[in-house]
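Two complexes come next, and they have one chain in common, chain A, joined by chain B in the first and chain C in the second.
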Partner chain A sequence: MANSIETIDTNIDYRRRQRLGRLGHKAVILFGALLLAFYALAPISWLVSSSLQTEAEIVSVPPHWIPDEPTLQNFRAIFSAGEDEPVTYETRSGADPVSGGFIPSSASSLLPSMWNSTIVATLVVILNLLVGVPAAYAIAKIRYWGRNASMYFILITRVIPDIALVVPFFLVIRKLGMLDTIGSLVITYLAVTVPFTVFILVQFFEGLPDELDKAARVDGCSRFQAMVRVFLPLSLPSLVAVVLFTFLTSWNEFLLALMFTQTEASQTLPILLASFTSDFTVSFSFLNAAGVLAIVPPVIVAIIFERYIVSGLTAGAVKG
Partner chain B sequence: MSTRKMVHLGRRDFLRTSAAAGAMALAGPARMAMAQGAPLTMHTWSAAVDTVQSHLNAFQEETGIQVNYGNSPWAQYREGMVTKFVGGAPLDMMWVSDSWLPEWVEAGWIAPIDDFDFLMKYNAEAEDFSTDSMTYKGRQYGLTYYTDYMAFFYDEEKVKEAGFDAPPTTWEEVVEQSLVMKEKGISEYPMMLAMAQESWLIEFMSSLVFSHGGHFTDDNGDSVMQNADGGAVQALQWVVDAVNKHGIISPACVETGELSGLKAFASGNHAFAMVAKYRLRMLNDPEQSQIAGRVKQAMMPMGPDGDHSTVGWMRFHGMSSQAAQDPKRAEDTARLIEWFGGKANGEYKFQKLLFLDIGAGFGVKPLFDDPDIQAAYDQYGDVEIIKAQQAIARKKDVITPWFGEWNEANGTAWQQAILGNSDVASALAKSGETWDELKSEY
Partner chain C sequence: MANTAIHKATRRSLLDRYGYEERSAVLFLAPVMLVLMSVAVFPILYSFYLSFFRMKLTRPNNQPFIWFENYSDLLTNELFWVSVSRTVVFTLISVSAIAVIALLVALLLNQEFKGRRVLSTIILIPWAIPYVANALMWKWIYDSGYGALNGALYQLDFIDKYMVWLGDQDKTLPLIANAFVWKEVPLAAILLLVSLKAIPADLYQAARVDGATVWQRFIHITLPAMKPGFMLVMIYETMMAIRHFDLFFILTEGGPGDASHVLSWHIYVETFRNLSFGSGAAMSYLLALATFALSYFFIRTLGRRI
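Here is the complex of A and B:
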């Protein structure tokens, strides 16, 4: 009996066991990664798949992940933007038996609204940096009376919920004669994004040694030059985080856009997407086609800046 | 008592009162500018945008009156309009839901239109419930452009497969046919009922109550929903039994919205459904429905003490109080209302266009005789049934300034009963109690 146990012990292939263990470990990681990828990608896959289906196919049970009869009708409706001629009884989209059924008559407004969203988001990003960077630099590196108070004051503005700001904003915008203009969105979005920008950048700038600032000043830099030539190049990850936050906030913002815009001239993408769910007709497939287009610009922006995102968001989180 | 009143300051009240002072200060110049011949402003929700625009362009060409047209999503329309009203935004004509009428009137945002005889003449050809629905405290506030009602649809193929020659005419028969379908494996939950907390819920509940011969309130506006013989109790009991005892309605109905329910019915999951009548076109469209061609309309099933009554609703063109203050502007706005809600060049053009384009119901009876309308209906429905059901549709009896708050409490009470967390009598007693409290406060 003892001999047999000894024999078994000596026959154990530890290398093989180690290899198997490593393989198992990798398999678990792979499985977990696949599961996570599926969890993250399944909604996007369904979004793309259903955008290529007819409304009848999209409600079929079980759902078709791969369309039986793929169609581009939803995208065609979006890209067949009408001319600028006035709509008449004859040219209205509702008269078209194909599109009148369930594709919203405002489908061709999607591209103009994307353009509006792009302009708004871009302007907000640029103006946000122009205002936020100097403010953050000043708060972080210049000692002045009321410095902490100004920081807290900026932060307090973000404590107020947006819904409470709607009516005051509305009154101001109306008084300025800016209702139904892109400018109204740019102004109000800046009020939302600048405090966050200042907060993030102050944290980052404070993490950079004051000696850098002093050295730059000794070398003849003005405050502005020190900020532009020394601090900004070092702050790239934080700036990217701020740009992303600002862009995505502006791109997705709904409440203020709902209140201030009312025509194609200024309506942004979230408003138009919501308008496709009218009280008469709703097309899931069309909504998903619009959704596919809506996520393209943010995804492109995210891909471009991807490598900076994590370092940017954690910037200033731990002080050394 | 006083505590209750203090707590009562809701979000809407807060928005209204907090903005009122600022609005008064800032709105003055805008009002003056409006009075000096600026174009009219018309705001709607984002439905049939092209149809509206085409009809509006024709109006401008015909009258020379210029109109700025804007729209917002339906789901957020009310909130957006409240902000526009309190913020003094330029507004002359807007779309109004019958559910908001008392609130908007009491807030002084919209004005009656019954001083304009050329608008009132259209009442003679309108459905009574439609006219009633835009009347508040004896004044009429607009002309309808869209009117519809809750309809009962069935999948003819499934009914025949279950061995029945005709659709159910009573709620008892709905149970009977559904149980056979369950037994034969035709459908797990033959009846589709959407009872999620959303704006549609009151329409579903009202049609159930009306068809059981009941009311939520009496002629004095006092609650009767809790009365054992009032019909509401029977209606809710039927739903509770259908879910918990017979299993013919999914327990998930409390989370199913009208749209999800519609899509589920369109996918062939159910045999019976209560949805808005205008959905019939979509349900029989092969491009949008798996059961196209099989969906028929039956009269609303009736309860033991009820009839085929159902609930009707409508949307209308209203005039803002801003516009009403200036006689010329009010006159122009009334002409715009007539163009959309009445006749344009001798015909109910806009209601007809809406019907032909998107299947939206109309509230004027002569359109049922229009050959184009009949031809369109023939493609997917039975115009006689549609007409007969519309003739006995009734307006909701709970539309009051406190409707929004009560509706939430009432919806929760119904859901609690359906889920078995409370019995039917207690749920409706609570609902009635909430109604009486709110009524006394307002």
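Here is the complex of A and C:
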């Protein structure tokens, strides 16, 4: 009798400890989740908050974490920069010369540079698919001598640091008279992005059964038809991932664009942003607004296509 | 007789089919190979060739072939060795920080809890934004006059006066590394999460039955299972850190003094400010070679199963 009571007692004790443990576990997770959200979002929130402040507010000490009077004047300055109305802040004359409060004349290039970035990225995406899909299909589904070698070759080119390519690129592109054209960016970005495209697509195609390919061939499809009619429709998710990566990489690229572009004709958004940051007289709030504009498109893309991005990123890791 | 004829016919048709496969493979691969040959292989060979010339754009008519002088000059170039050591320090700080933080993030995201999906979307944001915008953001955070870092630390009483963060030789590299880590952690965490998810749950069950504590389970099951993922992340991030350029360009331009004068910045200055393309090419080639050596392992891990 006494024995059984004892057992029950320890049982209760055990359960309680388990419940406490689970509570502690939950607390740790909650704390970790909040910390992580803060870590990821705090810098960006600060940038957004200061892009909504006036020049007078932004130079306050200590800083205003939340703007007293949120204003869109910085964004208005960017979007009206191309028009007749001069791009100035009325407060500029009163502003502290050290802290700037000045909008550079190149502000009017900001929207054209966004347009350039978009065109370059779009062209790079299209060329990537045209060049990358057949290559990936061949490596995944055609049995030919040197399959492994060609995959290695494609991956190895991605290992070359961009900075090592810059000197010869510059000389060649200068010789071709392509400096300061969008074409120079499209070609070089294509080379930078296509290895990863092929890599992701090969992983995906390999996951599709060989029988599909054989069935298509028996039905009289050529290799090309099998690829276009059978494999492309099935590989939509990985195609989306490829499109996203390529687009983001091109949109974000800086070093090559820094070398090849000089004027509004080809300057991309990162180049223009960088030129603002090196000018100490530029208004902080204007700078931050420009930064926010550069962040918004990729962030929206990332949020909408989160699932595709993660599955694309992990395609390699699963196999490795 | 007829037998051999049939035999011959089958063999020819086999050969034909074999040829068709080879031919279509060549056709399918031709575009990608053409692009990579002209925009990756050719430049790297060309830069190797250039590295044997004394090539200053300021003296276009005097570009002699000088054998290995560009390379041997590097041995005695003090700034080059400074830049190598800065690169090593930056890489070590960044990669170790990324490994630790990404591991914690991956462990967290591997748990089931409310809001996990939202959180995993949120952490993609740093990954998605351009490096230049990242640099601009951190430059503003570190700003000595009105930045958030000064403001926050001052309000929390950690400092009693505003500090010049990036202008301090000892703090520059860690601060730039921090900006780099913030942007690189998401990708590293996602890659680690994959290898975490691949661990079968029964392993933990069995260990629990055997009385293993949380810590023991972590050391003996989780960490060993994550080894390939870790390898991948370490090597990839090392490659990214060694070649990183954007943050240095915007945050410090190699300064203050030579405190953040990393190799990629050194190559940029040598090539495009001093306009000595020959020695710039020589250094690019060394950097490419170093990355090749490192990434040999990278390709081995990634490409093994292809």
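We take it that the second predicted complex is superposed on the first by the 252 of 320 C-alpha atoms of A that agree within 3 Å, B and C clash if a C-alpha of one lies under 4 Å from a C-alpha of the other, contacts with A are read in each partner's own complex, and residues count from 1 in each chain.
Rule of thumb we're sticking to: a contact is a pair of C-beta atoms (placed from the backbone, for glycine too) under 8 Å apart; a residue touches a chain by one contact, two chains touch by 3 or more.
What you are looking at is a predicted structure, and each value in this text was computed from that prediction instead of being measured.
S.K.: May I ask you to name which of chain B and chain C touches more residues of chain A?
M.R.: Of chain B and chain C, more residues of chain A lie in contact with C.
S.K.: With both complexes overlaid on chain A, does A:27 touch chain B (first), chain C (second), both or neither?
M.R.: The answer is neither, since A:27 touches no partner chain.
S.K.: Taking the superposition as given, does A:180 touch the first partner, chain B, the second, chain C, both, or neither?
M.R.: Only chain B; A:180 stays clear of chain C.
S.K.: Looking at A:72, would you say it contacts chain B, chain C, both, or neither? Reply first, second, both or neither.
M.R.: Once the two structures are laid over each other on A, A:72 reaches no partner at all.
S.K.: Is A:106 touching the first partner chain B, the second partner chain C, both, or neither of them?
M.R.: Only chain B is touched by A:106; chain C is not.
S.K.: Touch check for A:215: first (chain B), second (chain C), both, or neither?
M.R.: Once the two structures are laid over each other on A, A:215 reaches no partner at all.
S.K.: If you stack the two complexes on chain A, which partner ends up touching A:54: first (chain B), second (chain C), both, or neither?
M.R.: first
S.K.: With the two structures laid over each other on chain A, which partner does A:138 touch: chain B (first), chain C (second), both, or neither?
M.R.: Second partner only.
S.K.: Where does A:167 make contact in the superposed view: on chain B (first), on chain C (second), on both, or on neither?
M.R.: both
S.K.: Mind working out whether A:157 is in touch with chain B, chain C, both or neither, as first, second, both or neither?
M.R.: Touch partner of A:157: chain C, not chain B.
S.K.: Enumerate the residues of chain A that count as touching chain B in its complex and touching chain C in the other.
M.R.: On chain A, the residues that contact chain B in one structure and chain C in the other are 59-61, 166-168, 171, 258-259, 274, 276-278, 284.
S.K.: Which residues of chain A touch chain C in the complex?
M.R.: The touching residues are 26, 29-30, 32-33, 36-37, 39-41, 43-44, 46-47, 50, 58-63, 65, 98-99, 130-132, 134-135, 137-139, 142-145, 148, 150-157, 159-169, 171-172, 187-188, 190-191, 194-195, 198-199, 202, 206, 222-224, 227, 248, 251-252, 254-255, 258-259, 269-270, 273-274, 276-278, 284, 287-288, 290-291, 294-295, 298-299, 301-303, 306, 309-310, 313-314, 316-320.
S.K.: Mind pulling up the chain B residues that touch chain A in the complex?
M.R.: Interface residues on the chain B side: 15, 18-19, 22-23, 26, 29-30, 43, 45-51, 53-55, 57-58, 68-76, 79-80, 83-84, 86-89, 259, 263-264, 266-269, 278, 281-282, 285-290, 292, 353, 356-360.
S.K.: Using the touch rule from the top, collect the residues of chain A that touch chain B in their complex.
M.R.: By the definition above, chain A touches chain B via 54-56, 59-61, 86-89, 91-95, 100-102, 104-106, 109, 166-168, 170-171, 174-175, 179-180, 258-259, 262-263, 271, 274-284.
S.K.: Which of the residues in chain C come into contact with chain A in the complex?
M.R.: My answer: residues 20-22, 24-25, 27-29, 31-33, 35-36, 39-44, 46-47, 50, 104-105, 108, 111, 113, 115-116, 119-133, 135-141, 143, 145-148, 151, 154-155, 162, 182, 186-187, 190-191, 193-195, 198, 228-229, 232, 239, 242-243, 245-246, 249-250, 264, 267-268, 271-272, 277, 280-281, 284-285, 287-288, 291-292, 295, 298-299, 301-306.
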